[in-house]
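Have a look at this one before I ask anything.
Labels run A, B, C and D following the written order; every chain starts at residue 1.
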């Protein structure tokens, strides 16, 4: 299966996911992965909300775009929803391709678009108060690299 | 029967809840029934709408029927 | 330990290495990894030679450059020597950083420089005949992105 | 006592082996004692040299003493 896209409501184990992905793609020349985790920078909790009718279909479409554009042999795309504590994994993307540059570009592209175009809203709790996170100009700058 | 408004992200805070049941009718009439600050927030130019789970390209001419769900989607901040 | 650089004479298990790296860097916002494996494209064996007095010291210097340039919290850099069969891992690089772009750039930079400036020589056996692999123009183009 | 030449990558094929013991002396004299095709390959402008494990910046004036090891490093192709 080339595409493995999941929206997860509870904690996942990045090592187990990478073990399965490596096992499935031992013939690929290059595999690039990105793991995003909640930083321990003072926030107590992070919450990711999504909009069910659009979020997972949008992720699948993004995955297919990556597979086609970089001729991937496989793409893993996992994204948490719900509440997370510092150190908890939020997102894991892995791309397997014949050559290194394809795998790097696909993982980078997938992350830029997950950050800026996927249907997630993030808020964090600091000192007992919840705050919604606004998108950063930086996120859009990431997108602009691909047009 | 009612229609339902769904508020994502920070719009939930403005609305004081993740969703609200409203009387069906033209969107203008529905918005006019809400608190002015909420109506203004929902009409922000970066807020998109999905009617029954489908993104709407044009804002004009929307009429909510009984059982319809209209979601308001502010700019995302995922990943 | 921020830097984990090893030259390996026998097969390593990428999953185990990533498990240890993830465990050591659970507070990092972003972790990017690259795994390079021998492709199953007709070659029967791949052999990587190195020059002991220079190779590992050069890798350590490259790792330190990455750590400093992108403020990494950790960098893993493993490279095989000796003979490998199709599907066997050759190189594994992982970079942990506070932010995604730093981790991507560091892993990408490390691979470009491992490919083009580290003291390895590669040959492969096809139909019983060994052939030395010449560097590709592509490899130098990779380097040019960083100056 | 002898000095040793070490051949990396494709230079090993040209030399017919990964290393060779030679009579110490100026590099010019050592190279002159080798087969011409090997000497030419070793002097290629992209071939670097390491004397006792240390890269040499300048090619001129090298004199091999007993026990010295001079390695010839063609362009790399790792990763």
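In this section, a contact is a pair of C-beta atoms (placed from the backbone, for glycine too) under 8 Å apart; a residue touches a chain by one contact, two chains touch by 3 or more.
As the structure is a computational prediction, the values presented were derived from the model and not from experiment.
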| item | value |
| --- | --- |
| Whole-Å gap separating chain B and chain D, where each centre is the average of the chain's CA atoms | 76 |
| Centre-to-centre distance between chain D and chain C (centres being mean Cα positions), rounded to whole Å | 28 |
| Centroid distance [mean C-alpha coordinates] between chain C and chain A, Å | 23 |
| Residues of chain A whose C-beta touches two or more other chains | 36, 111 |
| Of all residues in chain D, the ones touching two or more other chains | none |
| Graph class of chain-chain contacts, one of line, ring, star, complete, other | line |
| Full enumeration of touching chain pairs | A-B, A-C, C-D |
| Complex interface listing, chain B residues touching chain A | 6, 8-10, 13, 50, 52-55, 71, 73-79 |
| Residues of chain C touching chain A in the complex | 14-15, 18-19, 22, 26-40, 86-87, 98, 100-101, 103-104, 107-108, 111, 142 |
| Of all residues in chain A, those that touch chain B in their complex | 36, 48-54, 79, 90-91, 111, 114-123, 132-135, 139 |
